[in-house]
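I have a structure here, written as structure tokens, and I will follow up with some questions on it.
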Amino acid sequence: MRHETAQRTVILGVAASDSHVVANHLIAHALRARGFHVVNLGACTSVAEFADAHAEHPDAEAVIIGSLNGHAHEDLHDLPAARAAGRLGCPVIVGGNLSVGSYKHTSDHERLYALGVDVVLTDLDALPPTLDRLRAGTTPAATAPGAYAAVPTVTS
Amino acid sequence: MRHETAQRTVILGVAASDSHVVANHLIAHALRARGFHVVNLGACTSVAEFADAHAEHPDAEAVIIGSLNGHAHEDLHDLPAARAAGRLGCPVIVGGNLSVGSYKHTSDHERLYALGVDVVLTDLDALPPTLDRLRAGTTPAATAPGAYAAVPTVTS
Amino acid sequence: MSGTVSPGDAPPLPSLAESVAYVRALGKPTAAQVLRDARAADRVALQPRCGVGSHAQMMTLLQDLDRHARPDILTLTIDSYTRLKQFDSARAVLERNPADLNGYPLVAHGWQRGRELNEAVAVPLEVRHGSPDARLLFETSVAAGITSFEGGGISYNLPYSKAVPLSDSLAAWRDVDALCGELAELGLVVDRELFGTLTAVLVPPSISLAVSVLEAVAAAREGVRCISVAYPQGGHFEQDVAALRAVPLLAARYLPPDVEVHSVLHEFMGVFPRERANAEDLILYGALVARLGGASKLISKTYQEAHGIPDTRANIDGLLLASRANSPLLDFIALDEGRIADELDWILTEVAEIVEPVLSVSDLHKEIPAAFAEGRLDIPFSASRHALSRIIPRRAGDGAIRYSATGALPFSAAVQRRNERSLAAGGQAGIGDMVKGLTADINYFLDVFGEQTGTGGRGRAAAPS
Amino acid sequence: MSGTVSPGDAPPLPSLAESVAYVRALGKPTAAQVLRDARAADRVALQPRCGVGSHAQMMTLLQDLDRHARPDILTLTIDSYTRLKQFDSARAVLERNPADLNGYPLVAHGWQRGRELNEAVAVPLEVRHGSPDARLLFETSVAAGITSFEGGGISYNLPYSKAVPLSDSLAAWRDVDALCGELAELGLVVDRELFGTLTAVLVPPSISLAVSVLEAVAAAREGVRCISVAYPQGGHFEQDVAALRAVPLLAARYLPPDVEVHSVLHEFMGVFPRERANAEDLILYGALVARLGGASKLISKTYQEAHGIPDTRANIDGLLLASRANSPLLDFIALDEGRIADELDWILTEVAEIVEPVLSVSDLHKEIPAAFAEGRLDIPFSASRHALSRIIPRRAGDGAIRYSATGALPFSAAVQRRNERSLAAGGQAGIGDMVKGLTADINYFLDVFGEQTGTGGRGRAAAPS
């Protein structure tokens, strides 16, 4: 299995319309400090770019997408199509500020799961244990949305 | 007629439960400056005290009552009884802040007229012309409430 | 339980010991503790004025304020019938239309309802009123477990009644203070706030503080252990800060060391601007004065002040705005310390010249009425005949409140000269008619904000929209 | 008339002359006039951020803000699809669910709807966005009669996109500026606000101002006549006031005298406290910085900043609170002028050392990308690959923002030493892990207010209640 390789690899980036990169920089630092090989695609990264990166790094154990500007759902609109085309066959983790407005609803997360996102997080601290858990578990069923929804998420 | 006497006399005071006297002091000063003889009863003056003062100064052409604390209506509760007893047979002018609360209603004034108040004012500047008009008019019908309601009042 | 007690069926008052036990069982801090904590934390405790006639509405009002504005202390503002012991009128209006009352008639409602209010909120309550003789109201308050009570034999007489002799009100308040002494011995320290605000309009700082010093000395002699000295914001920054800073110095000078003394700022108590934005500027300004002057507590105002008793929302907004003054981000503000020190010196001198002759006589309760009768003690705009109101305050050019006439106050030539110089320098004294000038001084903030200062029919609608 | 135009059927853009005539006929001041008036009146003009997807809701939003908060200028904040020229995505979301857009897609709605918005309110509008290439958006704005437009070839590229070359964005913004020049000749001065805020988080003042100086010089060369230099509040009082005061000095030094230059403060743009009271303390603080630093304009924040795009009420409340800083009652505030002068000196020196080598080369449009490629120009936390982000900002012990690493910035030894000394004195540099320290510096105000600074699962509910 791919997570048996010497260095664990993750693909990191910020969603397609989103240029907020401060958290992205800090996450990259933090994961590198834990020994990860972080392929950081930075701001404004489309689903296609994430898929390309995954094709280049098939050993990546997860794609981690940050979204702050409220556009998470629209920015991941192409995820089902990509998955249907057999791309992005690893868990997709999304975190940040995931909808527009100051009042958040659980439906904000549900509709991301419906797109095939595997784990929705808002708490950064939950990221490393989540990666560990995903790695210990079975190979993610890329086409089974919500397969990892049981991982505790903090809805804010 | 009493207003033919050399010096015009008015009776001034603040309503029964009311201790706000700053405006009262200034009104007394202002009327004295205009040549009036001002019998100033000051703060917390009951209807009975006004009536006593009028009995002592039957030439007074008006009783001027200030009320700031919102209790104008209750403080003048005894006015109809006093009038029925033949007392306070001159116009009664009431002015100030005439009800409790920050939103004022025309009913605040109407219920004072209903008690037999002759003129309700909120604008101090309206006082001297009102006194002149009352003097020029017929003897006020003490028992006909609202006889002077036509004098313009500023409802705030 | 709430809402179960109806007025009239209140049983006789419980014993002091029972009330002390009740307060202990309430499980909330006393007002004195809140003030002490605020001082220790270097913040200003916040308290609104609030009082409506109906018991149910009073309950809602307190709970809404508690929940949405998180004040440190809440108030029962008492209606003016109860203040003047016109309990029958209070009861009559309460029955006819409680909304016509300008405060909560605690005596008519009874002490058990007072306990219901007390139990409904998390913070301690103060009774604020204006009663020359508050004995029944005080006993009712204590029975209700209320741990702070405003007033004094001078400050709740002269601004609030016409003909009550000072010796009567002083005697009535001696009884209140003596009960506080008894309560302190039973373990309950009641905070006694002295109403240095007096007639509120153009009160010279040294008059306010001198009256408070005399009341504080009298109260301490009866055993009062926690005294709040309230000072009314006059509008001049350095003068107001100096007045607040004078409080601990005066306490050290004139009071026994075991009495805890707090300074309290009453946000501007004179003619308030009518427009909301202007009123809010003044509210924030007042709160900053309290913070920077080191007050333990601020009594807030609302943007409806010029219009009438505020609604709940306005009261909440006033508290929230004032609470910005407790911001940790204001350390950048430097003050004109030289000017403040100068004002402070003069305030201390003036207060000393007023109070020391009176304090030199052992029987304060005889000496105070005598001094007022002769004008050696005096206040401006007295509602009572028992003060001469021969002193005339005016604003200097910079807005500071000075004496234009000092009446029979025993001021030294130096103090007289300084007041004269200050008013002359401002170019205000002697210009035009005194009443006109005085009116302008009273309407000071209308002028600052460019609100029309005519006597009526102002530019904007009177009621906030 | 409102609500009559539907998207898609917008006719071709009118000529510039037609748009100038339209603005004249609108009968309201331009943004440039409002700024000039504010400066003359010695007050800070207030402006919110505001933008929602739906046209009808945008109309209501602007009208509500106009009516209840009386700002001086209103904003169309543009959604991030439009910013990135992803017009199809903007249109798709607009059709599916406009509430999912984080701004108003002006291009999708079309210039006629822009005019409807413009006609609906009494104050001028600014378009605020973040577009590396804003040409179509600018033309649409001008056609809508909008008289203020934010952005610049550096400041709207590096924080907002990943891969757009600087030469492309600079060229696109040269076109915008040249159109402003044409409009000025036709009699319409468009205010061009430069986004010195950059990536908003821990931006050293000299970086912000240096980028604005370069953009301002480029804009002036194309004929721009009114420039607003936006500076993001960093959190340290004297440093922020000095940065604002630097703006007119830099304008005098680097810009032709016939260009009008205003300083604008963007209220704290970093991690905002989550609790309302704390956020409001910060909002008031920011507004005071603007007033005391002499800014012509303030862009306000809301107590919902940490949570998401604010609702109308929060936006109104933020403006009203900020407007307290225009109070006439704050003259008592004295500042630490010595400290401000010191900061100002260093800011001017640092800016000079950054910009003067670049300005010495005649072709700015070639030199700026080259300098960024080499790190002679740089910004922290760049979203774009076209800045190296080798400079690392940190907070000194007193909260001031300094350079912990200056990358390839051409700083003198004196500047280097002073930065090192400042960070060393604070005991912050080199302590613990850099990322940890940086995170603490980013979360500075959470710390000031004692809000938990963990990365998630904070004490209070995330959404305001």
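The letters A, B, C and D name the chains in turn, as written, and every chain counts its residues from 1.
Here, contacts are C-beta pairs under 8 Å (C-beta built on N, C-alpha and C of every residue); 3 or more make two chains touch, one makes a residue touch a chain.
By chain, with names taken from UniProt: A, B = Cobalamin-dependent protein; C, D = Methylaspartate mutase.
Fair warning: this is a prediction, and the values are worked out from it, not measured in the lab.
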Label of the chain whose CA centroid is most distant from the centroid of chain C
A
Find the geometric centre of each of chain B and chain D from their Cα atoms only, then give the gap between the two centres in Å, rounded to an integer.
61
Can you check how far apart chain C and chain D are, centre to centre, with Cα atoms defining each centre and the answer in Å?
46
Between chain B and chain A, distance of the C-alpha-averaged centres to the nearest whole Å
79
Chain B, residues touching no fewer than two other chains
none
Could you list which residues of chain D touch at least two other chains?
none
Touch graph of the chains shown: is it line, ring, star, complete or other?
line
With touch defined as at the top, which chains are paired up in contact here?
A-D, B-C, C-D
Residue numbers on chain C that touch chain D, as the complex places them
237-238, 277, 280-282, 284-285, 320-321, 323-324, 327-336, 448-449
Under the stated contact criterion, what part of chain A meets chain D in this complex?
16-22, 25-26, 29-30, 33, 42-45, 69-71, 73-74, 97, 99-104, 122-126, 154, 156
Taking the complex as given, what residues does chain C use to touch chain B?
80-81, 83-84, 86, 89, 92-93, 99-102, 130, 159-163, 199, 201, 304, 307-311, 314, 381-385, 433, 435, 438-439, 442, 454-457, 461-464
